Amino acid sequence: MTDLMTTMSLLLAATTIGAALMAIWGKRSLPIAILAAGLVSLLASVQFLLLAAPDVAMTEAAIGSGLTTFLFFFVLGRVRGGSND
Amino acid sequence: MTMLLDIIGGLLLVAGTAFLLFGGLGLVRMPDVFNRIQAGTKATTLGTLLTLAGATCLQPAWGVKLLLIGLFLLFTNPLSSQVLARAAHRSGAGKSEKTSIDRLEEDQRKKP
Amino acid sequence: MVDWLIHLAALFAGVAFLLALTRFIKGPSAADRVVAFDVLTIISITGIVLAALTEGRGIYLDVALVYALLSFLGVIVVARYLEGGF
Amino acid sequence: MSYIAMTTGFILILIGFYGALTNRNILRMIIAFTVANTGVNLVLVAVGYMRGRTAPILDAAVPVTEAAARIIDPIPQALVLTAIVIGVGVTALMLAFVYKLYATRGSLDISNYTELKW
């Protein structure tokens, strides 16, 4: 039983690090970096659930992945000229 | 009786995740954005609903919550796929060369 | 028997996760990545249901409920940005 | 299993600081700070995990009489719950500053803002 959880945790850890590298890599465009940061938050939320913290997972999914992505895209839509500085 | 229900639930789980696998395969293999939306949303919606049905067979006490999750998915997932397809069409996403009919573009050209 | 079936289901979900992640990494446009993000959220819902079945705690399903609402919100926001809204 | 999450958290913190130090665009720096924030939360929750125990929520699966032997410590989770909300507040403040800077100067490059250097 715990083998399944450990395997899921390893897969999530590798994917989280890959998405974080994609979020800070300067070559890609800015909306893709914001989506990758949202993916980091989403996968960290599943990791919180596997660490037996469902309340933290709920808050991270709603605020870290939903509200932060919304705020970033809201600001990015208003600074449309300077996004490739 | 409960043994039979367990086996039916497990088979439903495997069938649902097999549909998820086919959705992921279509997401990789399809040629352009609209076909990817088609493959990635419809197959995964059916797969998740089958998985929730299998979980209901395995644990009947959780039926109400699983039914609520299924209802939310059934309402929101086609809506989000339609909004995304419209946004991709308006932002000028590239179509595959096998696409021959585009009714939305014909309508927009008819009444500018 | 049922444990074996749950492990097989987790294997299928993991392979689907890796396929969707491939599309997220190499998708040419932003819309491809949004589709892959949506599919990753839905596969995560399946993973949460499997984790709840393994642990035997019904409280984990509330997180799946939040996810089902959240994928909708994220896709709507990014679609509004791609259309040139805000 | 908690060591996997703890290692992931530390690597996320390092990646976030590297991105915040090497990028020139202000929005990319804020994205990197968000990644580092998630890493700190992951490390804090992984510190509080105990092997073989379950979530600290009392329901039919965990009765009250045997709760103390079966649930993990809820204090780090409560701390992280506060940290997530404060993190989104800080992120919103930084984004508001970005909006005002772009409205006054018309650029997002950090090397154009040199008033505080001497």
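Think of it as A, B, C and D in the order they're written, each chain with its own count starting at 1.
Please note the rule applied: a contact is a pair of C-beta atoms (placed from the backbone, for glycine too) under 8 Å apart; a residue touches a chain by one contact, two chains touch by 3 or more.
Everything quoted here is computed from the prediction, not taken from an experiment.
Chain centres here are C-alpha means, and the one lying farthest from chain C is D. For the pair chain A and chain C, the distance between C-alpha centroids works out to 12 Å. In whole angstrom, the spacing between the mean C-alpha positions of chain A and chain B is 22. Residue positions of chain D with contacts to 2 or more other chains are 54-55, 57. Looking at chain C, residues 6, 10, 17, 34, 50, 57-60, 62, 78, 80 sit in touch with two or more other chains. Looking at chain A, residues 5, 50, 54, 74, 76, 78 sit in touch with two or more other chains. Taken as a graph of touching chains, this assembly fits none of the simple shapes: it is neither a line, a ring, a star nor a complete graph. Chains touching one another form the pairs A-C, A-D, B-C, C-D.
Within the complex formed with chain B, the chain C residues making contact are 1-2, 5-6, 8-10, 12-13, 15-20, 22-23, 29, 31-32, 34-36, 38-39, 42-43, 45-46, 49-50, 52-53, 58, 61-62, 64-65, 68-69, 71-72, 75-76, 78-80, 82-84. Across the interface of their complex, chain D is touched by residues 2, 5-6, 9-10, 12-13, 16-17, 20-21, 23-24, 26, 30, 33-34, 37, 40-41, 44, 47-48, 50-56, 59-60, 63-64, 67-68, 71-72, 74-76, 78-79, 81-83, 85 of chain A. Within the complex formed with chain A, the chain D residues making contact are 1-2, 4-5, 7-8, 11-12, 15-16, 18-19, 22-25, 27-28, 30-32, 34-35, 38, 41-42, 45-46, 49, 53-57, 72, 77, 80-81, 84-85, 87-88, 91-92, 95, 98-99, 102, 106-109. Chain contact summary for the complex, chain C toward chain A: residues 3, 6-7, 10, 14, 17, 21, 24-25, 30, 33-34, 37, 40-41, 44, 47-48, 50-51, 54, 57, 59-60, 62-63, 66-67, 70, 73-74, 77-78, 80-81, 85-86.
Listing the residues of chain A that touch chain C in their complex gives 1, 4-5, 7-8, 11, 15, 18, 22, 29, 31-32, 35, 38-39, 42-43, 45-46, 49-50, 54, 57-58, 61-62, 65-66, 69-70, 73-74, 76-78.
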